[in-house]
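Labels run A, B, C and D following the written order; every chain starts at residue 1.
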C-alpha cells in the first residue's frame, strides 16, 4: 500500500541520500523522483530511479516533496509545491525563522518568500500538536535539534537561571558541512584535526536556537554556541552546560528528563551515571541524552544524534508521518 | 658538550618515547638509559640504546632522571633518586598535589612518600621563578597544563566572577590514555566515536586544577571539567567558558593575553578572530591559544597542546632546562 | 513464528555482536542466550538478554548453537552440542580444515576433536548442495570467504595458469583482529598506519585457501597471501592478481563472473570499468566484486566484504538457513 | 651562509608546503619567494614570506626554482627559468618522460616544450652520476619513486623473469591527490573507505615506471599497477610481487638489497622478518623497504615513503643538493 507519492529535491547530498534510503523502505511511500543537477542521469543508490535534473520534475505529480536544497532555492520550490497543493517538508533553513527580519539577520540576505513565514517548526517531541493537518513544515537541522532536545525538559519546567548563559559546546561530523567539495571538507585538512568555527554567537543557528528556546521559557540567559568540526563522517554531540534556578537541584534533573521523555520512541535518556557517546546515535534515528549533576546548581548534558538522521532526514520523515496522520515512527524503527 | 647524563624511567610509553626523542637531540644531554620492563632488550627508537628493566639501572649513575611511570611507582623512584643526589623530573601525578590529604582525595590511595610534598609545580610560564636551583619538579600533565595556560591571564588579573563556574570542555587524543592495551583504547571502540568520561567534577585532575587556579586568584567559582576521548592519536584541546567580573569587558581580554604571554617562546596567542585548532599544536612543543569575546561579560578560550609534548615530555625538558640553569627552550625549538 | 531456538557462544566479540544483531530480527529465530565470560551479567545490545557465563548455559536447550569462540575451545563446545543433538554453526577455525594433520600444520597444536573432521565447509555460493540436512558446518572466515569468492569463477572454469602464482594482497579492518585488547589493536598503533603482517605463505589461512581452491581446480599455482591491517573498523578487501591460461582471454573474464554469479543474491559483480571499494560492502551482507582485464592474460580482481558479516556473522546465518531448509537469504536482505 | 637563493612555484599545495618547510631550514638556502595564486597575500607557514601571485615573481631573481605546479604549466615556467640561466627542479610530470610521444601517450595532450626532453631523471639512488652539473631535473613522484626503489636491486642485477608480470599493489594517503577540493578528496568519501582507481595499466605512471625499469633491465615482464586511495593523510606503500629468474633464489634477495643500498643514507632496508609499515616512513625523508622470500622463486617487497617527502619535496631538495655540488643529504637528516 505504497500510496503516498513522494519526491526528493536535492537527493544527492548527504541528507538527501539518507532521506532516499529511508523513504525507499517506508511502508506507505512510493518514491517517484530524486533530483540532482550534479548527478543527473546517474542511478539513485538503493532505488531503481536515476537522478533527474530539477527542471525535469513536477511537484504536482506527487503528494509530498522533501526539500534538501540550499537555502533561498528551497523556499522557491516550497512555494511552487504549495501552490500546486502538494505537502512540503523543507529541510533547509528557509522556513525555520519566524520572521523575514530574523532570517535576514542570520542569513544576510532578504527572504525569498516572506509570505511563507512563520511555518510550523518540525521538532515533534516538543511541538507535535502543531504538526498535524499542516501543508508545510520546517525541519530543524542537526545543531538545533540536538541542542533543543538536550535542553527541552529544563526549558519546559522553567528550571534555568535567567542570568546565567546556556553554554553549548557542539561537535559535528563532516557530512554536516555538505557534500560540495571545499578546502574545509578536504580529507587532509580535517583528518587528525579538531576545528572550532563561528564560536560565541556568530553561527547562524544561534538565532534559531534562541527563538525556539524562548517559546518554551522566557527567562533564560544568552546561548553561547561553539561548534567544532570533528574528524568523523557522521554524528553530532551537543555538550550543554547549564545553571539551575531555585526550582530544582541538579540531582533532580535526571528524573525530569525521564518524565518528559518517558513516552518518546525516538529520544533515549540514559541511566544516571552512563554517558552518551557519539556511537549511541550514529546510524540510528534517535536522540540519546545523558545528564550529569554537578554540585547543587549545575548540570552537564550530553545530547547526541546522527546529524543526517534525527538531525535531518529521519526527522523529516517523522514530520511527514505526522502531516499525513500516520504513526509518527513509521519507517523509522528497525 | 653533552655533559648532563640523563635517564628515562618508563621510556616505552607514549610520553616516554617522545621524551627520549627530545632528549636524544638535546645539545647538553647524554641519554644513558631508558627503562621498560615490557620491552626490555628491544632497541629504543632514535637511539643506540636498548630498553633496560627498571631493576638493572641505577639512578646514581646519571645527573637527572625523568619519571614517566605510573603514579605510586613514580614517587618511590623519585625518593631513590633524591636520596642519591640526582635531580628528578617527575611526569606522574605523585608530586603535583600539595598535601597527602589532597592526593588521597583524588587518587583514593595513601601517598607513598608524603615527605616529598609539596614539590615545585613545573609550569614555567606561570611560576618559573620557583623552578631554578631545585632538585625535584612535578611536571603537570596535559589537561592541567592546557587548561591552566588557557586561564592564566584571567586568573592573574583576578578578572573572573567568583560566583560563576569555570567550564572546561576538553578533548584528548588517545595517546593520553597510555599505551597499555585496554578496551578503552581499542581501535574499533574509539574510531568514529567521541566519548565523554568522568565529567563534572569526577576526574582526578579537578583537584589539581583548582589547587593551582586558587594560587593565582582566590575569588573564582568552581571548575566544571568534562573530558572527551577524541578519535585521533595526539593533541589536546581545552575549550574554556568563563564569565568576567567588572574589572574587564570581554573585548579587553585578548589584549590581556597578548600582554601576559608577550615574551613567551612556547605559548602562542592567535590574532583576534583566528581559532586555535588541534593541528596548531600537534607535534610542536607549544601551547596555542585563541580567545573569543562573547557579549560583554563572557569569553570562549580555546587552548591546544600536543598532549605528549607541552602536555608531558617537552614540558619536562623545559623544567630540566630551568633546573640546570640552561636556556629554558634549549632543544625545544626546531 | 520464531520457532528455531538459538544460542550464541562468544556473543560479546565483534563477530558475536553482529551475529546477535542479525539473529535478533531473524523471522524464524528465537534467540535464547548469548554467552560471554568477560561481560557476564551485562545487557546484550539489541536484545532483552544479559550475557551468560559459558558454564551457565546448556546447548541442549536450543535447536542451534553458533560458536564465535577461540579455536580449540570451539571444537569442544561443538562436540557437546552435536552429542546433545543440536545443530552447530561454527565460526572458528576448528572445523575448516579437512584433516587433523592440516590443522596441526596451520595452528601448531593438535586438533582437540579429530573425529569431527572433515566437516562441511560453509561457503554457500560455492557448495550449497553440501549444506542441506547437515548438523554441523564450518563457516569460513573473512579472508578465505572474500578471496575464494573473488577467485571462484576462474577456478571453476579451470582458467588459471598452473605455473603462475595467485597473488592476494588483502586489507582488513581492525575488528578482524578481535576485541581482546592488545598493542596490535591499540588505537594509536593502528591510526594513520598500514601494517602488513605474516606475508607470503606464513598466515594460517593459506592452508585453508589452498585446500578449498584445489577442490575446484587441480591445476593452479601457489597462493601468495599478504594481509594488511587497515586503519578502519570494518571491511575487507582482497586484491587478487591472476594469470589466465589458454582457455580464456582477460576480456572474457568479466562475462564468466556475471554468468557464475548471475543468480546469487549475496554476491554482486560490478559492471566492467567500475571498481569495488571497501564501502560497497561495509554494513551489508554481500560480497562485491570487480574485475579488470590487464593485457591479454592477466586479471586484477577486487573482492570486498564486511569482515563481520559475509566474512563471519551473516554467512553463519546463511548456513543456518540452509541447514534448516529455509530460504537461504532469510533475515539477510534489508 | 644561506647563499643559494631559491623560489618555490606552487607553494600552497601539499608538496609545495613540505618543500617550503624543508627549504626554510636548509643551511645553504635563502628562500626568496613562494607563489600561490589561490592564497596570494596570505602568510607562508614557517617563514616570514607571503604567497606571491605567479605573475609577481621573476625566476631570474633567484639561483634555483622549484616547480610544484600542474603539468603543462610547469614546463612553461621551467623554460622561462632555464632561459634566464636559473637552475630548475621540476616536481611535475612534464620532464619525466623521455620523448614528446611518450608524454602524449600518458597525458593525452601535446608536450608544451618538447625541446626540454629528455631531462635528467632525478632518482639519486639509481642515477646520481647523471645529476651533477646539470641545470634541470625531473623529480619523480611518489608512486614511481617508491616502486622503483623497491625494485631497483632486482632490476640492476637482472634477476627478474622476463615472462612474469611485475605486480605493484600501491596505497597512497590522500595528500597524494592534491589540495584542490574535489569529491574524490572529500572527507566523507574517503573516510572508512579504501578505493582502487585506474588499475591495471590505466594510470599515467605506468609509462614512466616501465621507461625507467627498462633502462635498468631490458628483460622484464609488464608492470601491473593498481593504486588505492588510503584513508590517511600521508604515506605511500608499494606492495610489489615479483618472480625471480635462475640467477637468484628468493632467500638471496635480501642480501642483494643490503648490498645495493648499503651506503645509502635515505634508503633503509629492514632486517629479514621485519615488515615495513606506513609509519616507518611518514614524516621522514627516507624510503623504507622490507623483502620477504616466498617459496624459491617469488618475493614480496614492501616499499614505503612519505609521499610528500621522498615522494616529492625532500627528493627535490636532494636533487638540488646534487646540482649545486652540496652534500646530498644536506637539510634532509634531522
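As a convention for this text, contacts are C-beta pairs under 8 Å (C-beta built on N, C-alpha and C of every residue); 3 or more make two chains touch, one makes a residue touch a chain.
Keep in mind it's a predicted model, so treat the numbers as computed, not measured.
Engineer: Tell me which chains count as touching both subunit B and subunit D.
Structural biologist: A, C
Engineer: If you tally contacting C-beta pairs, which pair wins, C-D or A-D?
Structural biologist: Spelling it out, more C-beta pairs touch across C-D than across the other pair.
Engineer: Between subunit C and subunit D, what is the separation of their C-alpha centroids in Å?
Structural biologist: 39
Engineer: Centre to centre, by mean C-alpha position, how many angstrom separate subunit A and subunit D?
Structural biologist: 46
Engineer: Which subunit C residues sit where two or more other chains touch them?
Structural biologist: 192, 231-233
Engineer: If we count contacts the way the header does, which residues on subunit A are in touch with subunit C in the complex?
Structural biologist: Per the touch definition, subunit A meets subunit C at residues 25, 192, 283, 334.
Engineer: What part of subunit A is in contact with subunit D in the complex they form?
Structural biologist: For subunit A paired with subunit D, touching residues are 14, 173-175, 179, 181-183, 185-188, 190-192, 231-233.
Engineer: Looking at the complex, which residues from subunit D come into contact with subunit C?
Structural biologist: Against subunit C, the touching part of subunit D is residues 164-165, 167, 169, 171, 192-197, 199-201, 222, 224, 226, 228, 230-235, 237, 239, 241, 243, 275-279, 282, 290, 292-295, 298, 300, 302.
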